[in-house]
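Look for subunit A in each of the two complexes below; its partner is subunit B in the first and subunit C in the second.
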Partner chain A sequence: MREPGVALAGAIERDEGGLAIVTCPDLDLREWLVREVESLVPTSAQAFRTSSVREALDRPECMALLIPVDEAEVVRELDACRDQALEPPRTQPIVLFLLRDGDGHRTLAVEAPSAWSWASGSDVDPEKLAELDVESERASFRDETGAMPEEWLARWRRHELPRTPEHYARTFWAFTLERP
Partner chain B sequence: MSLNWRALAPHRPLAPGAAGYIPPPSGFAERIAQQVAAGASTLLVTGPVGVGKSTELAHAATLLHATHIACLIQIDRTENPRQLTAEQTLLRIAGSLVRMATETLRLPVSRDLQVSLSEAGVMPLSFESMAELEAYSNATPSTAPFRGSARSLARAAIHEVARLSHQGRVALLLDGLEKLPEGPRAMEVLAAVGEVGDEVDLIVVVPWFAAFGSHDEVIRPGAHLAPVPACEVEDDIGEPGRRFLLDILARRLELPSECFEPGSIVETMSTDVARAREVVSQRRELILEAARWSGGLPRTFLQLIADAAQYAQIRRGDEWPEMQDLADAVADQTDSFRRALLPGDTEAIHQIRGTDGREMALDRKIRLLARGIILERARGSGWSMDIHPLVRPLLGGL
Partner chain C sequence: MKAWFDLYRQHTALRRMNDREAANEVRRVFSHHSEGHYALFKRNASARLQEARVPGTASVTYTLTRDRAGEALTLDALPEPTRRALVLKRAQLTVLLRFDRRREHLQELAVMLTGTRHDDTPLEIAVHLPHDIEDDKHPTGDRDGLGACGHAALHCHVGPTLDTEPKVRVPLPPLRPAQIVEWVLSQVVPTREVEPAPWLEHQRKS
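This part shows the complex of A and B:
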């Protein structure tokens, strides 16, 4: 079973020159997810927000959090310009935030095979994955880490946990299971 | 030795002459070079995303160098195909050819042509070239730089480079035009490519919509379709394909392919041979399982292995993935395929499975073929539509 946090961390970290897609249920949660990603990625990633594909491509050393104004047009442009991400080689991915069932996903399915392939396997819907069984997931989290998600996050926020890939993944996971 | 899984780089095609090239079972690049040698002067290349079109085109360029000035132009690396015009395409062809001729082959291309292309913005002049040009202009009467249409500049470049070369003939290998959006401008761009001259051999990756119907009307009369096939990876017929993918993996990880052969483990004083063979056997089975799931698409195969390796790393800190990691990587990829399916696809795919696919509506067929959701397989004397292994669980009853 794929834990949502591991899937999200995997999507963002697995390909340093890649395109990761984070699917958001609505615009409010999109903003929340953007902030969560911002707070979790290492400062060395130099994450920045943009709505421009050109700006994302022009800064290959920074993690571009691509938040489209026009999802369909952004997907079309990524499709056309995918190979421009090859030279110079990117050292950080582009993270694209798309609405679930929105124009961006439809354009990926209908018009943009290159962008679809670029993101293939790295497109996650963290909330949907988390819908599976929260109680069981929380129990799994405790079994694996020895802490409840809230305890884990408190330690993370106090910088008591080393910033390792494993801890980032677990922190992503904890975020999706955290209770208000 | 720790493995560099990032070196798998699923989305990075190999450059011409790259050491990591492994020929696919179809021998596509070899076949292209043979067809050109036999007189096929216009080849339209198609294939699903991730099948290796760019890598094969780059290798075909290497093979053609003996007989041609073979110029590989990856047009989508410098231009946005959605905004590309016929004029820009011709200028980019001229610029790329002259740049290769001057920088790589050191051919003495005329200053007039270099300056014209530099002013057109498609060929940066090196510091050395600029110094030479300054000396040239000081020594010759002042004349305005040559100006011409994009078509005339492209033809001038081809004639001049062909004349200066010992091969005497130019082959242009154009990659990236498959991203042209369907419409009149795309047809103008493709037609403009055909205007570079009959003496030029053209190997062009074209959009799927150009692959159906009359090929004579796409670039120029006499064009042949050259689809890059996904290799077979299932059952006995898939053994060469699985081997091909395993070899790609070994090469990218800079490992000898034999290291995935349990029989290659030899007994030494310090080795538990049985245990070592078991580990190698497990790794080999995981790789072959990923190969089966990939449908024969190298990019998908590398992505599955890279994703599985990452799951192993972030979950357990392990260097090698286990079957559960691969299962989760397969689930990620299946999710991507699920999002690419639209209403009506399930029934339409069921109906054409095992046929040559002619009964499927063209726009649907193009969309599904481009993504590798359905795969054209050469079986027996004809073509048969297969369904990608990652898609089958989404359709039910397959």
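This part shows the complex of A and C:
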């Protein structure tokens, strides 16, 4: 599993003054992802929310959290004005929030080659990354501890394992991976 | 007796929270403490609070670092006057949060700091809110321990190890995860820069 928080921070930081794309499963989660980005970025980034490409371009020294009303239109606008982001050079990126399988992604793929290359791999879907592959995690747990999560928990409940922070962390993970 | 039951009820009420909101609050604490001169963590610590979701269930966890081992505080990098105030030469912070996303319910919390004093003796500070498992046998929670006083739900252990007797269990007021992280940090870096609620601020507000 890739680390969703690290991937998100990496996408934002990859290109100083670049374009990062954060993919959101739905509108409700978009709001939460915007807040997550706000909680991740340093105060010096002076992050601000906007739905306007013009406003995002006009403040190159601030991180623009671009939350489109019309995704396709915003992507087309970004595609048309990439050059304007070069002069004066931006010192903070534009972070564009797009819905998974939405109009923005469709437009990006077929109509906006310039915006797509501008983002150049700085796209991330943190919600997807957060999904665990339980079977592979259970196998890793067994490799690390020599026990399946259920066996580990049984030993923990019988107080056979010392209460160390390391064991607390393992037990916490065993609870997560335990079969219902 | 009533005060202890009231505390248990407050701890139960505390569990009602949105996981994303709680995680973002914790991230803001890490962001604050990984910037500037008095940074306690390497940069981008907030990004290392990792969300993990079990597909097809409402279970979601947040852990500091992917391997849940936590993160070392960058005590050596603090400026000299601050370093003089430190009681530990090494410290590692672990954060483990588990939620039921559908119920907006904090099931379990562990914020633990493992440290080494200057004389090389160990110190553990561990704040726990154990899972109060609700099932058919225990519809209002299985309430570990003998009672609400000796076994307060949100509590802290402090000692050389977590197994050292007596295993003192200090009850804590109903603090959200971010506030607990702030509290733990303020115990080991007792300086103005780390104090989350300075008296000066309080005087200004009152």
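The working rule: the second predicted complex is superposed on the first by the 130 of 180 C-alpha atoms of A that agree within 3 Å, B and C clash if a C-alpha of one lies under 4 Å from a C-alpha of the other, contacts with A are read in each partner's own complex, and residues count from 1 in each chain.
Convention: contacts are C-beta pairs under 8 Å (C-beta built on N, C-alpha and C of every residue); 3 or more make two chains touch, one makes a residue touch a chain.
Predicted, not measured: the structure shown is a model, and the values here were computed from it.
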A:Arg14 in the overlay: touching subunit B, subunit C, both, or neither? Say first, second, both or neither.
first
Note to self: Once chain A of both complexes is superposed, is A:Ser120 in touch with subunit B (first), subunit C (second), both, or neither?
What the structure shows: first
Quick check for you: in the superposed arrangement, does A:Ala169 touch first (subunit B), second (subunit C), both or neither? both
For A:Thr43, decide between first (touching subunit B), second (touching subunit C), both and neither.
second
*Is A:Trp32 contacted by the first partner subunit B, the second partner subunit C, both or neither?*
second
Quiz item: Looking at the overlay, does A:Val6 come into contact with subunit B only (first), subunit C only (second), both, or neither?
Solution: both
Message: Which partner chains sit in contact with A:Arg76 here, subunit B, subunit C, both or neither? Use first/second/both/neither.
response: first
* Touch check for A:Ala109: first (subunit B), second (subunit C), both, or neither? -> first
In subunit A, both subunit B and subunit C touch residues 1, 6, 9-10, 13, 165-166, 168-169
The subunit A residues in contact with subunit B across the complex are 1-2, 6-7, 9-11, 13-18, 76-77, 79-84, 86-87, 105, 108-111, 113-114, 116-125, 165-166, 168-169
Within the complex, subunit A is touched by subunit B residues 6, 9-12, 48-50, 54, 74, 76-78, 80-83, 176, 179, 181, 299-300, 303-304, 306-307, 310-311, 313-315, 317, 328-329, 331-333, 335-336, 339-342, 367, 370-371
Contacts from subunit C onto subunit A in the complex sit at residues 20-21, 23-25, 27-28, 31, 35, 44, 46-55, 57, 59-61, 63, 66, 68-70, 92, 94, 96, 98, 108, 110, 112, 114, 124, 126, 131, 161-163
The subunit A residues in contact with subunit C across the complex are 1, 3-6, 8-10, 13, 32, 35-36, 38-44, 126, 130-132, 134, 162-166, 168-169, 172-173, 175-177, 180
